[in-house]
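There are two complexes below, and they share chain A, which is joined by chain B in the first and by chain C in the second.
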Partner chain A sequence: MTRSTSTTRKAASALTAAALTAITLAGCGSGDDPGSGAPAGSAADLDAALAEGGELTYWTWTPSGQAQADAFMEEYPNVTVTVVNAGTATEEYTKLQNAIKAGSGAPDVAQIEYYALQQFVLSESLLDVSGYGFGDLEEEYTASTWSAVTSGDAIWGLPQDSGPMVLLYNKEIFDQFGLEVPATWDDYVAAAEKLHAADPSKYITNDAGDPGFAQPLIWQAGGRPYQTDGTAVTVDLQDEGTKRWADTWNRMLEPGLLADVPTWSDDWWKALSDGTVATIVTGAWMPGILEGSVPDGAGKWRVAPLPSYDGSATTAENGGSAQAVIKQTENPELAAAFLRWLNSSEESVDVFLDNGGFPSTTAHLSSPEFLEETPEYFGGQKINEVLVDASENVATGWQYLPFQVYANSVFPDTVGTAYTGKSDLNAGLQAWQEQIVSYGSSQGFSVNK
Partner chain B sequence: MPTRRRIHLAARRGFSVTRPPKSVALTLVTAMFLVYALVPIAWLVINSTKTQPDLFSTFGFSFGDSFALWDNLVATLTYDDGIFVRWLGNTLLYVVLGAGGATFLATLSGYGLAKYRFPGRKAYFAVVLGAVAVPGTALAVPTFLLFSQLGMTNTPWAIIVPSLISPFGLYLVWVYTVESVPTELLEAARLDGAGELRTFFTISVRLLAPAIVTVALFAVVATWNNYFLPLIMLSDPGWYPLTVGLNQWSAQASGVAAEPIFNLVVTGSLVTIVPIIAIFLFLQRFWQSGLSAGSVKQ
Partner chain C sequence: MSTTVTLAAPRAGETAAVARPLRRRKREWQGWFFTWPFAVVFVFAFMAPLLYALWLSLFQNRLVGGNSFVGLGNYEAAFRDPAFWDGFGRVFGFLLVQVPLMLLLALVAALAIDSARLYATGLFRVVIFLPYAVPAVVAVLMWGFLYSDNFGLTAGINDWLGSDVLRPFAPSWVTVSIGNIVTWEYVGYNMVIFYSALRTIPAELYEAAELDGASSSQVIKAIKLPAARGAIVIATIFSIIGSFQLFNEPNVLKPLANNVISSHFTPNMYAYNLSFAGQQYNYSATVAIIMGVITAAIAYVVQIRGTRKEDR
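Moving on to the complex of A and B:
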């Protein structure tokens, strides 16, 4: 199964790359400020559109997607929303890019992860909803998720969930091997050494090379490798913070202290069940998944703040998605109205939370009911206190590349070789940077000039 | 004459085409191929009896703590309002219309090119031969752009229409027709007053049966396993075939909203290959006679 999955992924990422080439070109060709296209309107127009009704298509892979749409249609019976699961993450982006390029077949509203959002903004695929009074919603969201969906005055979607990073650890294994919960990455490396020396079949964590994992950790380490201003892009994957992460990770990668198991593979789920890996460095959405899909871990896992370099509480965002209105829509006001309900109404967010999602709305994050939850799976720990605390300590100033989906697709060919060879990550990062620079330049960006 | 002596020797030892000499090395190599082919299927059968926790916690080639084959089958067929049954229906639709149509068209045109003389025949032959050499995957993206201009993406036609073209099938029917449909027979039929269509359907099709079944088998297997084309053509899971649907289930195990259902992926894969194995076993005698067709000059 692992092999077929990776072949599929390769095929999919090759195709993504092919589709994106054309899209990025289209974005640069026009030379306009993409923010200039915001339709004029108001919040009242959206209410009118809801009353009038119509049909919408919504692409999402969120498990609560259909239930949210059902609740919406109950409240607004004149509107019909068709929920389509067009694939998870990059698979959906490929289809979305294809439909946008083809000029028809795109949904009205789609789920897009934060890291990929700028790419769709740049290709002028999304509708700027700032004209519909969405600016008033800013205070409802955490600062880091709001900044991920906005650029300047333009608003490209509304945040659904967030993933401030935390450390999940298997307390049973920690107790068995006398490990302390690490407060700093130095402690973490020491724990990795101690655990693997005591039992060579066990590892502190797994990491087979994953850009969606490395970049948040670079973010936490203070690295800001990407800066974008219009079509001028700066890439420095050897800045101080990025090196800090790579040097720390080298201390675990080179001696073989990291399990060579790709995250999300069947082997990985197995490793979580049987105790092969003792911790997961992950986003705040992970506890819900662990509880739902790894029943063998009941009672064993706990949540701790992410280790840091200096003992501070600084963390970063890992994953999370926004919903956005696709420019191709024939009914922008109705689509925007659905988007507003989907990610800011009490009814919708409640359905999302019931499905184990981790919100981006400050009202839910600070509600006593949420903070006081003591799930048995985590031994009765008030895990949401730890998770919410993390959401308040996300470092600011991070930017993704305007062609991040492509950049991530070549990560395995560059940084990935450092993982397979258990060699210096800095060399891999330099190779990755070369690929990013040459691709960006070929797409008409002015990279590192 | 060394050749004749060897044949003579072989005959004296009692070897023939139906009773070839036994070779230990050859038997071993064949046994290895057999193991190579059967091990994944054995894995699939064993693991479709496990619950997801058992999949994660027990050895791959031993049975789990519980025997959940029936539960898995029921869950596979009912998950997400029975979307798997819908995918099975879609695959059957694509196979019947796509592979059926491909066989029909390949038979008609292969026969026509073998038995009629008309201008441009040689050029056509060259194009068909060239088309045999181009892998379908290479054409997937251009085909997508073409279909999106016609507004036909995300419809069943986007899968069926490209499946109708089978240059290899056409070539096979052509070669087989040349070998096994005597022109004299057709001329006799014409003299007796039969029209061209009647000759084709009453005489030629029967003679061509092994070739038609072979082409149909190739087309059915290709359409049943078709993955890349539907992957890029379709965005609505309601039109997915089993291959793309199973991949969607598998991909559900990753990302922020991960919901792994590996037990359903495994059981669904088993259900997916059963019909194709059945078809193959049922039609394999035609397949064999079709493959050897034309290999010996009588």
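Moving on to the complex of A and C:
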């Protein structure tokens, strides 16, 4: 308001516009589009590039990013890798999109979550690394993560981690209120009712409306709302599986059995720490974060398989990232070589695991050492056995939209209102679909035609 | 004015008529020469961004199909866009309620401090002004914690009252909550503007009023308010511009007031989301230009009306 804000804003918009001008100027200058086909080359070219050396920039928010790069530079002293934390998730994508649009300033290698990968593929921002013999790496990764980075013969990156969904529960609360670990969602809803009736200040879990949470649950429920074939997109947020999730969730949302606390907020951490929230429905990367962020929870939490609709072990992926080579790179071979080392070498993945990451590589997932770990925080439970088991039961066939980042940004405007009003999620999903269809059509896709 | 006078004199003689255009041309060139430091900054910092935004707004860059010229298509779309008008309606309503309230509070505070009836006016002045010195983002985060009905001050008050009466983040209250933050932030700033206008009133006027036996309310009405009128007009214009540009407060509260603050809560937030999440830079530029034109028009009307009153 008033003067200072308006002047700062004017200055800011002038700067933005000046930057945009610079961007267009730069855009005019760089006419060297490398084309969309995969570059021809081989694994041997990558080794040669490593020996020759050079400089690379790597954007990531992975906690172990710098340590991995250090280990890499120790092994290949001719290569200098500059690690930049350009923000987490959407924040990084915004910067990345801008740099790509500008024609310069993008990193050589960047971390991109699986859900956003297609969007970058579509805007021809990523290098197809299949030409460098990356196809041979397929068997190193879990099926679900590999399928997330490939489309047809093209390989758009390598999986870093995975997030098969599990249930984290506070055993102390469960014991206190006589709750059983739920095997199905019906059991889960029953537990939610029982807990909240016994102590109205306690909730089975929190959910204030989050697309990154709703979509994996739709995935698990058998919903496949998005299908993309080239530029033809089909959206059906009322298919059988999606409705199954929404109807189940309505049973907890409408009577107010879900704590209205946004995940990752300060309130959330407090709620986890003081037992207000008794379970977390989350990805396999969460135990490491919980241990680091909620020290009060030591010894109280346990890991269980995600409840399902029919008692089966079916689960879905929640989050997880790949690393990809940005097409703008001046040294594609070296960038691809770094990528290969980063997500498939023993040394790199070990550093990643030491920092509490959950891998996507089958060798690590099945290694006895990993499976036998008994963290104190989880009362000595062999949690990795549960997590790895989940990684083997991820349902197949899920696709994200080619413009998922935008779709997620309008989720709060639509489905979010159902959360705020504690009303039918199906209505929210329909409103969301309308927004998605309208945006997709305005972007030139043929949506639901 | 002075140019016409000097030129009018030699118009009689023939020789002067020949010399005149030469002299004038030379003068113009020199004038331009001296303006270049300004002109360069003006063109690059003000004109280029505006023209570039205008240029952008005539195109459409699709994820599929690339860039194409659409003429006024984006404007047509914006005028029929409910999301844009939803945000616009909200800031307009906000401005109708919050701006008068804030300016009234600021005026009362300025008059109180100026009345010489308060002790420690310096302290009050600083304390009321202090919120303005807090960076907006920090201030909003702080209020966000106060507003939190799970663990914040609001939760405490609700606990104490034993009900959920205070719900600053409820859909029907969130705009009011934002108005409260904005008022808290800027009352002090406007107070300082008003106060400085009041300080310029010569002491003789008060003396004269006292001799005429004017009461203090008459002094306010007949001396202080007319003297502060210019400052009030300026503060009103700044506040109107500020309301239309509302962005920081709702954007910082967005993650705290989950789902309640939509991506098109204000036109600025809408433009931001269009370009940064939706990559619709062209449409975003269109929204920005429409808002700019509307803001300029309203600010202009206020200025005309405000100064006309002053003349009366």
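Here is the rule we go by: the second predicted complex is superposed on the first by the 413 of 449 C-alpha atoms of A that agree within 3 Å, B and C clash if a C-alpha of one lies under 4 Å from a C-alpha of the other, contacts with A are read in each partner's own complex, and residues count from 1 in each chain.
We take it that contacts are C-beta pairs under 8 Å (C-beta built on N, C-alpha and C of every residue); 3 or more make two chains touch, one makes a residue touch a chain.
Everything numeric in this text was worked out from a predicted model, so none of it was measured.
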Return first, second, both or neither, reflecting whether A:320 touches chain B, chain C, both chains, or no partner chain. first
If you stack the two complexes on chain A, which partner ends up touching A:419: first (chain B), second (chain C), both, or neither? second
Looking at the overlay, what does A:270 touch: chain B (first), chain C (second), both, or neither? both
With both complexes overlaid on chain A, does A:285 touch chain B (first), chain C (second), both or neither? first
Using the touch definition from the top, say if A:363 reaches chain B (first), chain C (second), both or neither. neither
State whether A:67 touches chain B only (first), chain C only (second), both chains, or neither. neither
Once chain A of both complexes is superposed, is A:439 in touch with chain B (first), chain C (second), both, or neither? second
Touched partner set for A:298, first chain B, second chain C, both or neither: neither
Please work out whether A:183 is in contact with chain B alone, chain C alone, both, or neither, and reply first, second, both or neither. neither
Once the two structures are fitted together, what part of chain A is touched by chain B and by chain C alike? 1, 5, 18, 94, 266, 270
Where on chain B is chain A touching in the complex? 52-53, 55-57, 141, 144-145, 148-149, 151, 153-154, 228, 231-232, 235-237, 247-248, 250-260, 262, 265-266
For chain A, which residues are in contact with chain B within the complex? 1, 5, 8, 11-12, 15, 18, 59, 61-63, 84-89, 91, 94-95, 98-99, 101-105, 113, 161, 163, 263-264, 266, 269-270, 272-274, 283, 285, 289, 292-296, 319-321, 357
Where on chain A does chain C make contact in their complex? 1-6, 9, 13-14, 16-18, 20-21, 24, 90, 94, 97, 122-123, 208-209, 231, 260-262, 265-267, 270-271, 402-403, 405-406, 408-410, 412-413, 416-417, 419-421, 439, 442-445
In their complex, what parts of chain C are in touch with chain A? 44-46, 48-50, 52-53, 56, 62-65, 102, 132, 136, 145, 148, 150-151, 171, 182, 185-186, 189-190, 235, 238-239, 241-243, 245-248, 254-256, 258-264, 273, 276-280, 288
